[in-house]
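Multiple structures follow.
Presented sequentially are two complexes of chain A, the first with chain B as partner and the second with chain C.
Let's turn to the complex of A and B:
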């Protein structure tokens, strides 16, 4: 891996790699990792939980349509380099091109736009590059690998890392995520600081048969503002690899945070996104999931509205082809009065792809004057593709406004004929209609640069080019 | 260049899966540089003919032929007909929210080019601006979503703009005048005339219920479709005759003809 500077070889006598199939050796391996004791302790506890818990089965509602009971995480080689902190910072632009450890596809994306406050790149679980604008660092913004933060700002990890409430359906995967954590990043935005441009991170998997566990911890303090894009990618892999991607997002009072997970893995990857959002008073958080790649892509997105007047916008797009399987699972948890959540998830499927959406709005007795909306729309392009939508409400307060709705539909034949009559093939016409279908979500993504990046990724996936063109 | 741009002969059409014929043996020929008006009462099959020429999948041709430049188009998909040079301006254009006119048109142009020869973004932009200027369309128009929330007049102008960009050999205008007020009618008609002047080879089949649009677009030939057949053909003065006498005299004539075939 790169020049391997961050990779710690675990002494064979200390137990070898951290393999969860052999608890004692795994424990020994954890103890042998060159990393702060707080992290080792978290791993040990998680390992214990992992061993006690069964894999989720289709008997539970939450996993009824996504069968991973036979997925043995134990069989994958965990990518645990040992978290010994960030390498010396490179300088970008300029230095980035010389960084051979940054994969070409990442450089391509970075070359298209310079609008960002920081970059963090992880390859097969190893941090290979990171940078934060100097002036932001001077203003107290922390943006670094978890292991670095563990040494330099342990208080931040103490306060935020692995503190989100984990729902039962997710416990097993979360335990694996923590026990086998490869590395992650922390973005901490102090009170009143606003990041002018996005933070862009990349997670690349290049090896078949591995399990990578990565974490995004983003905390924006009172009145602060940040946008963060997590981009996941890999080439097509000949054998399965697993990606466990945890995200904990915290918005302090009146904070603004936009978080985008752009998943565009190649074939062979099974991706599990475990996202937890916690919103305090009058904060404004938006979480966007763009799911394009992998064989199996599951996103569990939980939004806890814990402060009055908080707002949570939840957006997602997915496009499935071949035999891809997407499962989006959401919770809008209203535990405070006068909070607002608005979910819009849209998916399009072709070939023999399948998708599941299961969403719950839960309003606690404290959640008076809640405004909560949940919409899932699915567009089916082929006979063998199918989408399942399971919206739900659970309301324990009496003065609320909630609505939910879901549709599964096909391409409109009049639209199709209209487009074809202008020369587009059926496939081109369908793809253009998918693009139009997605626009409603794209239009709600605030930053133009971010929107363009997502549009590009979608265009690449669905194979049409519309590259933004304005008339002026 | 063959004389006959469009040659329709003995065309019989049913709705897919239904027995009743909507077109019962249409014969019609449109040459390059000619403007033909096809008139007729409601339900005579005018719009069906337009859709069948464009390749609408809801209709089935049970007999007869449609040739474009001497080649049959019956086995061609709608997109292949478009690329062969046929353009239909829809009576009721579909609304495509989320897709801008610019993106739609660029995709349409690219669809008629090789995969590795996509039109340059800036070249396209320039082409689009030229065409919009030619038709006196507001430059912001192309950034709007295709027909989404458009007025009747805007929808028809959008059709004419598409025609201008795609530069067909044959334009079939299906009731382009319906639902337009007099100003919109004038604008759209001017657009068609402008394009006909710009491309003198353009053949036009103008389908209309009313004579009104023929004050703006002067036809070389006028045909009347009654109950799925061309009952009468003539020069521009035929339209005047219809204006005065209506269609009833033709209906009576066709009643006398025994129902053929099927």
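Let's turn to the complex of A and C:
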């Protein structure tokens, strides 16, 4: 993120009013929040769970390679707008169509393409910009902050918010996520409505030492269609900040949903993505995770195939440098017959970066005629980089086709030699080959505009421009 | 002793080898385990002081380690109900004539004497906790090959024994390795001298026979530089009414440029807990192969390992698991690449039938500095019924830039087209199924010596009976 972002002034968070290690004060602060009781109740319950649960330790299989036992979430300043009863400036619905509060890097991205059905921007937990195409609003599409939806469409929250089953390994972080929720958005696409262009949201962290908890709730009803990009960014921070990003994605019968999380935080950020996908009959859902930034980036992605004939595509790319640590955990949960899931996660690592992939295909006895695939490929580009891959299968139905594969290797030396013989430096050639390695995933992302946005982000990250190479 | 009626009552009489030979143990320790029992075992074996110390220290480690929480369900395993030491005779037998009739009888039912007289060279037959019969071909003796019971190995070759014992599997490696270290009894001690090639496989048959008796075999093998040998361990056990427990430790050192193959065909009865630690240290240019067949037991947790510590070492693991009703085969393999240019291959085939569960669990680790290490893992699982289950849990840990690693697994059922084709040729449904299964395991079966391949196929056929419908 460029310089503009840091100059944004938001003084919405009240200093340290919710300290989870001080239950009395925390409760009082939650009760003082100007939000519907249902949300406050969810926070209270989550706070209680958070205090009871231990931090995940490396003794559990799910956290074997990522050590957060000493990460005290209690030590971070939760960014919760409206603490002490103050309504943050400009959070009124409809009053956020001015770009003045939007950080410069976001404006830059927005300026590059106008093909968006809606935009929502959050800075340090505060909503600063929001827009939805009028005709979509007229057709019943809901796209707004959770606090707004809580007042105007409580039924939607009742039906969907925090309803996903949370696996044990994720409970502690999920409890913190709910209890300390800064703000999130809801996208609800009514039956049969198709969004012509993507919804694009931005979450920016500008302050060190904070904990931002943000939520994406996307529900596409029967036959509806939507594409949603969640982009996460920050400048390099001098001290650690935490980002807890929950996502609940629901696909009704025959619905189509593409969800892309583009994580490009600066240094200093520890990011935890907690994504839950639930698919009904004959729906088609694709979840894409592009992980580029942060010091630690963990994504827990669960896909529940609950309806027969549902399809779930799970894609991810990561590029790690410095001492970055990436950890992707996935579950393809086949609880219905004739469902199809296909996972392709690819990562490239240089410097002293580490990556972990742990994926599980679980086929329940009801999951006859399941087709499930899982592939993890890793490229190691330096001596100190390392990769862990744990592709797991648990199959309790017999009439299934399941396979998984994992590889760890290097860029092809012949290809490297060829590119270098054409005048590219080793680094350039290597990076170009990484791009080629990523192309298999990029090629499966629908909508050219979305693909371009991801390609740009990767180019920035790995320091190479494919367009400049081809035009040169 | 339980009687055959009990077995019939339990409906276990369809088990192929459920004959019971009446045995007459000479000494049987009481149930459960404490320091006193460990001292008794050591005293009975007339061991040197260092071994008693070793055992007592192991007991401490065993007691301090928690039960593993991963893998199979060990809740039903009550270690206090197990006899940790039984010895049927006072002395080792050196010729077939001296072997007691009831034990011979057991072997005859297994077809061992026939094989023994023809091709088998040295048979260390473990009846209950000790070797009762041990022979070695003369020519091997001349070559300097040592093939002894582990107890005799300790007595006759104390220096060689002490140099390698517990160096491949340290006592503290895991809870059951610690247990074995405290109470080990029986097993083989093998030394193949430099450059010696043993053409005929060394074989050790053993059986567990006394009810609730623990079997803690310990085998130590050293294949010296440039040597070649193949060791076969096969077992079938009669069915008993209460759970039985087997926890062995196999240590193998494969010296530079040696080639060693270790084959296990395990067909314990379906009440057996089989928790074994098998590991080989593979030095420069050496080749180690584990061929691991798991057909029996209630629960098997066994992951033969190769530590590739010398440049250019190769590790090969072939694993086959058959889990039928009431069985959980939690098997696989581990390869650790420590040195440059090391290569490895793991091939696993599993079949789950009835409510059986077959799990592949494996580790592939490449340390930094193991440059150009290459490894490939393939796991295929076949599911034969709606209630059967299969899992795959591979761990892949790569710290080396120039390593090249691949893992693949597939799960499938027997194709309807395959069955239709075969049955349309006049083959019964049952036979067609058996043919498909035989075809599935063929890549591993063909690696076995002929007698074992035949036996494996026969076992699969027995297992396939009544599996259709």
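Throughout what follows, the second predicted complex is superposed on the first by the 434 of 472 C-alpha atoms of A that agree within 3 Å, B and C clash if a C-alpha of one lies under 4 Å from a C-alpha of the other, contacts with A are read in each partner's own complex, and residues count from 1 in each chain.
Following the convention adopted for this analysis, contacts are C-beta pairs under 8 Å (C-beta built on N, C-alpha and C of every residue); 3 or more make two chains touch, one makes a residue touch a chain.
What you see is a predicted model; the values in this text were computed from it and never measured.
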item	value
Chain B versus chain C as contact partner of A:437, first or second or both or neither	first
First (chain B), second (chain C), both or neither touched by A:46	neither
First (chain B), second (chain C), both or neither touched by A:409	second
Contacts of A:464 with chain B and chain C, given as first, second, both or neither	first
First, second, both or neither for A:401, with chain B first and chain C second	second
First, second, both or neither for A:382, with chain B first and chain C second	second
Partner chain in contact with A:335 - chain B first, chain C second, else both or neither	neither
Contacts of A:421 with chain B and chain C, given as first, second, both or neither	first
Intersection of chain A interface sets (partners chain B, chain C)	none
Chain A residues touching chain B - in the complex, by the definition given at the top	412-415, 417-426, 428-429, 432-433, 435-440, 464-467, 469-472
Contacting residues of chain B [partner chain A, same complex]	54-57, 77-79, 81-83, 87-88, 90, 93-100, 102-112, 118, 121, 124-125, 128-129, 132, 139-143, 145, 162, 166
Residue ranges of chain C in contact with chain A within the complex	70, 366, 368, 381, 383-413
Parts of chain A lying in touch with chain C, wherever the complex brings them together	61, 365, 368, 378, 380-410
